[in-house]
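First chain A sits with chain B, and in the next complex the same chain sits with chain C.
Take a look at the complex of A and B:
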């Protein structure tokens, strides 16, 4: 099923009531309370096609969860609109959520009092999943998430990692064509994180599922996402592929060269920008699009014999940090 | 039509499955159940003892004797127990709203009200009902209740109305949290008012309070008017028509209005920040 997601000038405001401390403040707020408006999501637009994995990132409080809640029918947009497969999730909630799988890493969607397997049974009844599909999905889920191991455990007794596996499984039991994952790897250890990533990848490849993923773990983004949308203060500040983002924000790369012999004075080579020199080691910065690595090595080797080299790419973390920081200055 | 039938069957099957699972999970904590089984009869025992002490020291309450009050108290207690069985979730609307738990209901292709209220049946509530039932049966025997089919039906309709009134008031109070984010003190107040307006005959109160509890905040209907009719008494405000039917209609009205208030509140639901 082709289900695309369209957001047009989507906006969510929250009215924040300022509370003054103490009894006096409480009385005061009874009579007159100061209100301010928070633009949690401010006039954003995007369009996501079937089968894409989109990383939706931004610092805490940027508006990621609020966007996801509007896309999944929980919150009504203040203005603008979002549609999933042409339908408004808020106005036609029951119809739309049938096609959605939603996971909030911070809060389980499972039934606290039930065993995991019972939760699944209930979901099967709610979504009216037929026997074939149910068992097929359960088998697939078991392969990736090792569900069998925890299926008889009450949800309240599951560890965070087990709970997340359960939540992910529950979210796709009804084979939804669209999945929203809000911080699905938060607080997980390396093993479970790997497992979650594998799950997202597999589901996307097997079923061509559209996935929107928010995360603070840029490893998730690197491993999974075709596209990233960066939001800050409720506004989209970038929407492109990771590669484009890196090329635009970190076009430079570092080359570390170890020479056989420590040069007697500081090294200078035409067209090569040496940013640091320490003993027999040189650090060189260059634009990877404009300059060939081979050319630089050749120019150095013509004068100084080279023992070893290594190339350091800019780290995504650094780039993202730089982008967030820029957002702060603008505001 | 076919779709409607399918829908009804779907909802019923969910209620049954949830009920089965609730029984299973509540059976896993039997100590909890035993605690309640012990605590509730005590609570009602003390309630009835209190009335007994008052009546035996000061004669009757109004012109109601102990056995008549036991009958009234029984109707009140049974309706209380049933309300706990069916509508206890209304007490938790506040926390669901404040901590964003409603999100989970909204993610499922079912009505939020349905998931919250009827699809959850609270077994423990039956332990609230049991002592009430005993008191009611005691009262019935003592007042010489004519246990004809029609009378029993009348009693059941009365209790259904009483449950709807109680449930409706709780639902209304709980729904206030959609607007203010807190309502727990209100629920407590409701419970107290229910007790004072349904455990004793309201005719003992000044008439302005009787008017208040009849027309504005109609909790006098929970037990008083029907009990009075069964007992053939005439104290208190006059009532035209059959008390048990009026009780039931008042119940439907209160619950329906509360439901609309809930719906309206839900459309204002704002989840919660992280």
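Take a look at the complex of A and C:
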């Protein structure tokens, strides 16, 4: 697999000026202000192969957007480097962004006063897209995002969901091999969210597009990403597949067993860890790698007749929260 | 919605016509019974002030406001992700606005001036051609100054009232309100060495025949030098500024 994006010891520092509170502080900061350095992104390295969908996640202020902005040539790295298709986005911005589609969930690249279609026409000229490709792409986009129904509406009259559909379409009109999506599902209802996810999946399958996705919606990650990179305080703390992450951080699984009859005293079975017992219901926790679910059921069934069972996997939210919290303690 | 824009167009034209008329009456009153002042006839002066008003509505320097707004709201990010020359993009925006200005402001005001103040084309066709060249160069100088101003946003984020003050200072120093030849001599000699007079006074003087076509060629030469110099400054400054990019608001 060809490497599409590579970051080596990428670092971005920001100088933060401190302002003391109140009127006194305001006057003071006019003359002299204390400065401190924030390592927004601190010495991170990764490489992403062509056609991968990578979830880039972390708590607010972890440095996700800063990384995306360095990768799209907006911010100059303080040190280290990042390359896309072998080129530096800051030094050769125009060449790099020609093959790049970027969506900022909180901003729009559409023109406020123009109709959506006119924004597309302008982009077609900016990216010098030839007629055939343009119309072909527009047809494909229409199938997934239903663009036709909003193409004649001025952008300022679009709802957030419609605008996001427009923005996604605008970002891939020039069929870029690499797409950065910075919180593309922020503020969207379930329906549009589903549509956006479907879109990302389709684009990746059809065009083998490399996609980097930052999001706070773990549903996006679950549905889309082959790989996740977790960043906190500007440093990468995990870089693996979702499955590996879940296995490492939540190897335990819960089994809920309903018995036919309420046992007279508390249930104790060899090799089975019962964490809670309430009436005829038992909660059992076990490591899914070490113990087979069938074995547990068998050993319970040997003593008590079972009416019903259900298995509860650990939630991805809980795992991620655990990981973020760990980062807080370390710092 | 369209009504809103139409109202804006109409009200701007009306306001500009009032200002234009006032400045014409001012100069007629100032001249009084004298037909000639400092080698300029009252007709020339009326043409001067009309042209100055016409150019002021024609020139568009939204570049400064656009950069400032985009920096403040963090929308520079959107400019950077397009494979375009960013300053070129702002320039094209201003050219577009100027085409609009030409149709909706310049032409109505031109017709009004012709009907009520006897505003005419220069007698010499060659002077008219030179005037166009001079206006173009004057605009480049003005645009670069505003562009450099706008780029300061990358450091100070909020330009505040400096922008508006700058516009009036430029118009004053460029002889747009009062031609330089009415200034004290010492100030004149200083201003002659600054780029501002080439924004308004040089093209207008060519139009009204204050300077001969031969002298005009020389002035245009100086304008050209200034324009190139300002463009160089702008490109150098832009490189420094773009390294300072901070995207506001996530």
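The rule is short, and it goes like this: the second predicted complex is superposed on the first by the 320 of 331 C-alpha atoms of A that agree within 3 Å, B and C clash if a C-alpha of one lies under 4 Å from a C-alpha of the other, contacts with A are read in each partner's own complex, and residues count from 1 in each chain.
What we mean here is this: contacts are C-beta pairs under 8 Å (C-beta built on N, C-alpha and C of every residue); 3 or more make two chains touch, one makes a residue touch a chain.
Here the structure is a predicted model, which is why all the values come from computation and not from measurement.
Participant: For the overlay on chain A, clash or fit between chain B and chain C?
Facilitator: On the shared chain A, the partners clash.
Participant: Is A:118 touching the first partner chain B, the second partner chain C, both, or neither of them?
Facilitator: A:118 contacts chain B only, not chain C.
Participant: Please indicate which partner A:325 is in contact with in the superposed arrangement: first for chain B, second for chain C, both, or neither.
Facilitator: After superposing on A, A:325 lies clear of both chain B and chain C.
Participant: Tell me the contact category for A:72 with respect to chain B and chain C: first, second, both or neither.
Facilitator: In the superposition, A:72 contacts both chain B and chain C.
Participant: Can A:127 be said to touch chain B (first), chain C (second), both, or neither?
Facilitator: A:127 contacts both chain B and chain C.
Participant: Between chain B (first) and chain C (second), which does A:37 come into contact with in this model arrangement: first, second, both, or neither?
Facilitator: neither
Participant: Once the structures are superposed on A, label A:306 by its partner contacts, choosing first (chain B), second (chain C), both or neither.
Facilitator: A:306: touches no partner chain.
Participant: For A:275, select first, second, both or neither according to whether it touches chain B, chain C, the two together, or no partner.
Facilitator: In the superposition, A:275 touches no partner, neither chain B nor chain C.
Participant: Between chain C and chain B, which one touches more residues of chain A when both complexes sit on the common chain A?
Facilitator: Comparing touch counts on chain A for chain B and chain C gives B.
Participant: Would you mind listing the overlap between the chain B footprint and the chain C footprint on chain A?
Facilitator: Residues 14, 65, 69, 72-76, 93-95, 97-98, 100, 102, 104, 106-107, 109, 126-127 of chain A touch both chain B and chain C.
Participant: For chain C, which residues are in contact with chain A within the complex?
Facilitator: These residues of chain C touch chain A: 74-78, 80-85, 242-243, 245-247, 249-250.
Participant: Within their complex, state which residues of chain B touch chain A.
Facilitator: 10, 13-14, 17-18, 21-22, 24-25, 28, 100-104, 106-111, 267, 269-271, 273-274
Participant: Using the touch definition from the top, list the residues of chain A that touch chain C in their complex.
Facilitator: 14, 65, 69, 72-76, 93-95, 97-98, 100, 102, 104, 106-109, 126-127
Participant: Taking the touch rule as given, give the residues of chain A at its contact with chain B in the complex, in rising order.
Facilitator: 14, 60, 65, 69, 72-76, 93-95, 97-98, 100, 102, 104, 106-107, 109, 113-114, 118, 121-122, 125-128, 154
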